[in-house]
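In the two assemblies presented below, chain A is common to both, partnered first by chain B and then by chain C.
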Partner chain A sequence: MQIEQKSWKDPVLIAMVAPLAIVMVVFFLIPLLMTAVLTFQTTQYYRLSWTWNLKIWTEVFSKPHYWTIMLRTVGMAVVCVLLCVLIAYPAAYAMATRLKSYKTQIQILIIFAFLTDAVLKTFGWILILDKNGVANWLLMHIGFPPEMLNLLFSPAGTMIGMVYNLVTYPMFTIYLSLVRIDRDLVLAAYDAGASRLRTFFEVTLPLSRPGLYSGAVLVFVLSLGAFLEPRVLGGGTSPLASELIRQSFETRVNWPLGAALTLVLIAIGALTLAVSAALTLRRRPNQRSAA
Partner chain B sequence: MKKGTADIGNTFGSIGRRSVLKGMGGLGLAAVAGNFLASRDARAAESLNYMCWEGYNAPSILEPFQKQKDASISIDLITDSAGGFAKLAAGASRDFDLVSSDSPWIQRMGPAGFCRFIDEADFAGQFAEFYPQFRAPFAPLAFEGKATGLPTRWGWVGPTVNTKFDKLETWSSYAPVFDSAYKDKICLLDWGDWPIMPLALYAGINPYEELDEAALEEVRKVLRAAFKNTRAIVADLAVAQKGLIDGSFRALIGGGTYATSALRMKGHDYIQSIVPEPKNGLKQGIIWMEATGLIDNGKNSQIAADFLKYIVSPEVAKQLAITEATCNLVPNSKAEALFSEEEKKALQMDYMWTAWDNSQFHTVAPNIDDMLAIWQEELAAR
Partner chain C sequence: MVGPIIDAADIVKDYGSARALHGVSLEVGAGEFLALVGPSGCGKTTLLKILAGFEEPTGGRLEIQGKDMRGVPAANRPTRIVFQKLALFPHKTVAENIGFPLKLQKVAKPESDSRVRAMLDLMHLKPEYLTRYPAQLSGGEQQRVALARALVSQPGVLLLDEPMSALDAKLKKSLQAELKKLHREIGTSFVLVTHDLEEAMMLADRICVMRSGHVVQIGTPADIYYRPANMFVAGFIGETNFLPVTATKTAAGATVTSPLIPGASAEIPAEHVSPALSAAGTALLVRPESTRFVKGDASPGEWVLDGEVEEYFIKGASTQYRIRVAGLPAAVVMDLPGSIVLPARVGESVRVGFQPAHAFLLSE
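What follows is the complex of A and B.
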């Protein structure tokens, strides 16, 4: 305890922490505070009017459509997390265990996916998902009726774009967790008579959980701010929070409203993450005692 | 990108280092280029800060002026007229010399207090070259009898139709937007108030007048009905144009000539924008106009006024009319002689005064925020 108290007064430690602390205060805390202050103002004739009141918050809490969009955003983000994890885990597992000889090539491909501009990738999906796009063309050539898929300008189209753009994040984090698992633990499970499936669920999966969680958190946070996919692939069928915020700031020039909706989105995101973290931490002691 | 963890860095160490080195190289080049540009700016005798839409910043427009006047022009592109105005109103007006935006926002610089009004006598030569409809005194750009800017580009908003699939007569009214035969074949352009205004006019509401609750409810009903039949609400012009050409959209609503002329210029002359017939005494078309205004930034340089004269001159107006992304009409009548027959056809110049006569002039509607809020609410419920 004494050591900790002393460490906070250590000038070397303070000097080391200070640059990051200053950056966080100047570029995160102060702007966040300014955003909060903005929500208590109003706009008049497209100009900000410094009149302290609760008008914007009254509007936010009295208009259900804001909450419809917020809830839809959270729902889409949760589904996106599930799909990304379901796709990423087997791929990362294969990379870490079965495809070691192609590891470098696969890593390069994933890095390319990271480096390719999201705008380009998202617009590329139009050519695939359109009624007369590549997907329907292929299906038609293998015997399905023409224009069978109608995914462009639908919530499904938005989800495809989101998953495609974000799936590489959990793929990376899960892969990094898997390659760090001590192979001897897996072999010990086999020696103890565990089947491959039981070994996976009782050794590999729990030990890869940090990568799984960090990937899921990354996807969730980025999904909450998804802007491009609903705008390009959704066609107005699945407006999400970021578009609502853009409209408030840009089209309606209602900065206090945009700021309030931004804070609501941040709060929802933080609350969801806090709840999921609490649930995760609560499960661990139980598992230990069960073990 | 957001992948920078120590673990990942170790795993992909060599590639990471190469990326970092490449990045540093890029930064170095950027720094050199920045220094070069800075030194070029420093060499120029005068400088202009110009806020504008894309197209006004074409090198073919800016460079001759910069050379002629030994000036450097810094550009700030706007993507939304209201957003650009809000930026100026928030204090950026002190940093800019002139702005090209949608005309209602240039007019609004007057009451906002940062407009450098146009001396009509000084600009008499420019006004004389305009079509009579745009000559001084030009009400849409006037505030308290003074001109807030000069018109630079214009066009009309009406249904944009692919005549390979539909006859133009079909779109002499907005009725097909609500017709079940056109279900999932309509595209609304997600361009702020632009799709709202024509639909309100179709509902018998003049959105440019002060609206009461009953009128706003009518706007809500017409938007709800339109959303039911609409396949997509699209913000990207290229996506909308692609759908129109391949027939997956039968009409674009909210765009008009801005969405049409560039396609026609590329040979798709079967794409046309028309203005529907007046309905219940209300003109159904809308004239949009871009304008350029001088900003009262305390310096009020002569070079800004010179640039305004330059940008409305016939030769520059012609360049401004035909850009890669969009093609639009210009108010300078002398520019008409510079267009080829193909260009005139692409711009639908034979139809422009018919459209003018059957249209409202676009201004900032008194209830625009109410209507945008209704748009948001109905979109959320879609």
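What follows is the complex of A and C.
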């Protein structure tokens, strides 16, 4: 039986799509529009006044302070992506090749870690990174000077927390790309005279690119909005965008400013998504299997 | 005469406690086309992987072009393989795929380009395919690209792992013809793994029939068809008939009698008797095409079986009959030249005749 191409007028189809569509419109699209509308207002004496001007946008674009924080956020996200990919790729590669027979056990362990509440895990890092924490205690016991590391309440602490919480995403996307590569392609490269290293760069790496890209984009977008890690482990000395936005809304009660900064952050994320989608789509025709 | 390109002796392969190859010995001559044939799980693919260097044999000796291949990785062997599913690199263009072995050998770009183009010509592929990706080609074209990639570096031996099993019948026929022509043109040794004995007979100079890790018979297609070592080899190509007989060896060959034809006895010449003849399960191999319907008197020396038409199949050039004969476990299969008038209908009583002296005497 052939499944007909359903028209958008089909009542059953509408009924099936409606719940999600309504939720998305009411809780995502409308708030987003409201955020955009907010940016054209101003606040006076902690009260919102409906003015319709570009005052906030002028402020956002003229104050280098905001852009320093935005740049720092993007920089942290880039470093986080690099670290996550560097850690995730070898792990995913091992899981897809050498450790194939243990893959279920490994996946269960990773999913467990993944499903454990991020707040809990992030606070857990305090115990490790603290001056008198587990990390320094261990280092001291293997002969390093006491209190060697001072990572808590620093950008390094934030980074450790972010990498830890996000590394599973690229691990799974890369793993899924790697297991889809036909083993014969690797053998064909060996047969043609390629070394193991050459085979990796000529065959395995290019064919795992979709997983690499999607994992990297996920990490990038999620670390742009990282809120928990900088707050718990970063100590507030070098705030990131999320902290700046929180302050604008809560401390300074300047909702239009918070809204404008939010839109800037969303724009950076959306731009990254668009560029990576274009890159991936460009490669789509080659990725179809020859078999 | 130069020595064999491939000299394999007593190759044993174990996977854990399971033995896949029980001491296989095989020689492939320079420029020879050898086919490895057998049912699934007979070890033919394992043997090919050992030749290619993807698997190390557990025991035995393997020499290719006179060099011991122990510990030599696939990359350093004079063999190239065409995979069953072709294994073309999906992210590389046709030109990059074919030129890949040359790139690894650091062949200069102009020379590499001209050799890739020469392969393209040899495979009857159009030059505009060079910039296409494998997924943009048809199955037959992908096949040719895979062959081109395997042959571009002029290997000593080309290994083919059932490369045509996924193609439709018509395309398969035309590629088989091309493969044979290609082999004649370039003179490289070919080793083809296939489960299709008919394909092997069409293409190969010699056929190696394998069964559960053993070589059952190595011989020319004519040997395999007309002088099969045993009933397994004889029955591997299509349907055939085995008539149980009692045989007594004589100086000139053998004397056979059949319980189904009382009183008849026939002399089988020595060249129609299997050298591996044993007492157990002796039978006459009667090919379907050497049977006929007997109407009237039998010819001199002819054996005749009485039966009833069970079914017939019109194949155009020939008509196949299946005749139920009392006392035989399976229906007798007959291939008769096709004709517009059916010689017999279903349920009709018929007499099936054949010359025992033209049949082949073998055992299980």
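Worth a mention:
As a working rule, the second predicted complex is superposed on the first by the 241 of 291 C-alpha atoms of A that agree within 3 Å, B and C clash if a C-alpha of one lies under 4 Å from a C-alpha of the other, contacts with A are read in each partner's own complex, and residues count from 1 in each chain.
Here is the rule we go by: contacts are C-beta pairs under 8 Å (C-beta built on N, C-alpha and C of every residue); 3 or more make two chains touch, one makes a residue touch a chain.
Keep in mind it's a predicted model, so treat the numbers as computed, not measured.
Within the superposed three-chain model, A:68 lies in touch with chain B and out of touch with chain C [touch as defined at top].
By the document's definition of touching, of the two partners only chain C reaches A:184; chain B does not.
In the superposed model, A:237 lies in contact with chain B only, and not with chain C.
Looking at the shared chain after the overlay, A:35 reaches neither chain B nor chain C. Look at A:97: by the touch rule set out above, it reaches neither chain B nor chain C. With both structures placed on the common chain, the touch criterion links A:132 to chain B but leaves chain C unconnected. When the two complexes are overlaid on their common chain A, residue A:253 makes contact with chain B while staying clear of chain C.
Residue contacts after overlaying the shared chain place A:153 against chain B, while chain C stays out of touching range. Overlap of the chain B and chain C interfaces on chain A comprises no residues.
Interface of chain A with chain C (complex): residues 182, 184-185, 187-195, 198, 202-203, 206-207, 283, 285-291. Remark: chain A residues 45-48, 63, 65-66, 68-69, 107-108, 111, 114-115, 123, 126, 130-132, 152-153, 169, 172, 176, 179, 218, 222, 231-232, 235-237, 239, 244, 247, 249-255 touch chain B in the complex.
Chain C meets chain A in the complex at residues 52-54, 73-76, 79-81, 83-92, 100-101, 104-105, 133-136, 142, 149, 153. Residues 1-3, 5, 7-8, 11-12, 15, 79-80, 82-83, 85-86, 89-90, 108, 111-112, 188, 190, 192-193, 227, 230-236, 239, 242, 246, 248, 369, 372-373, 376-377, 379-382 of chain B are the ones touching chain A in the complex.
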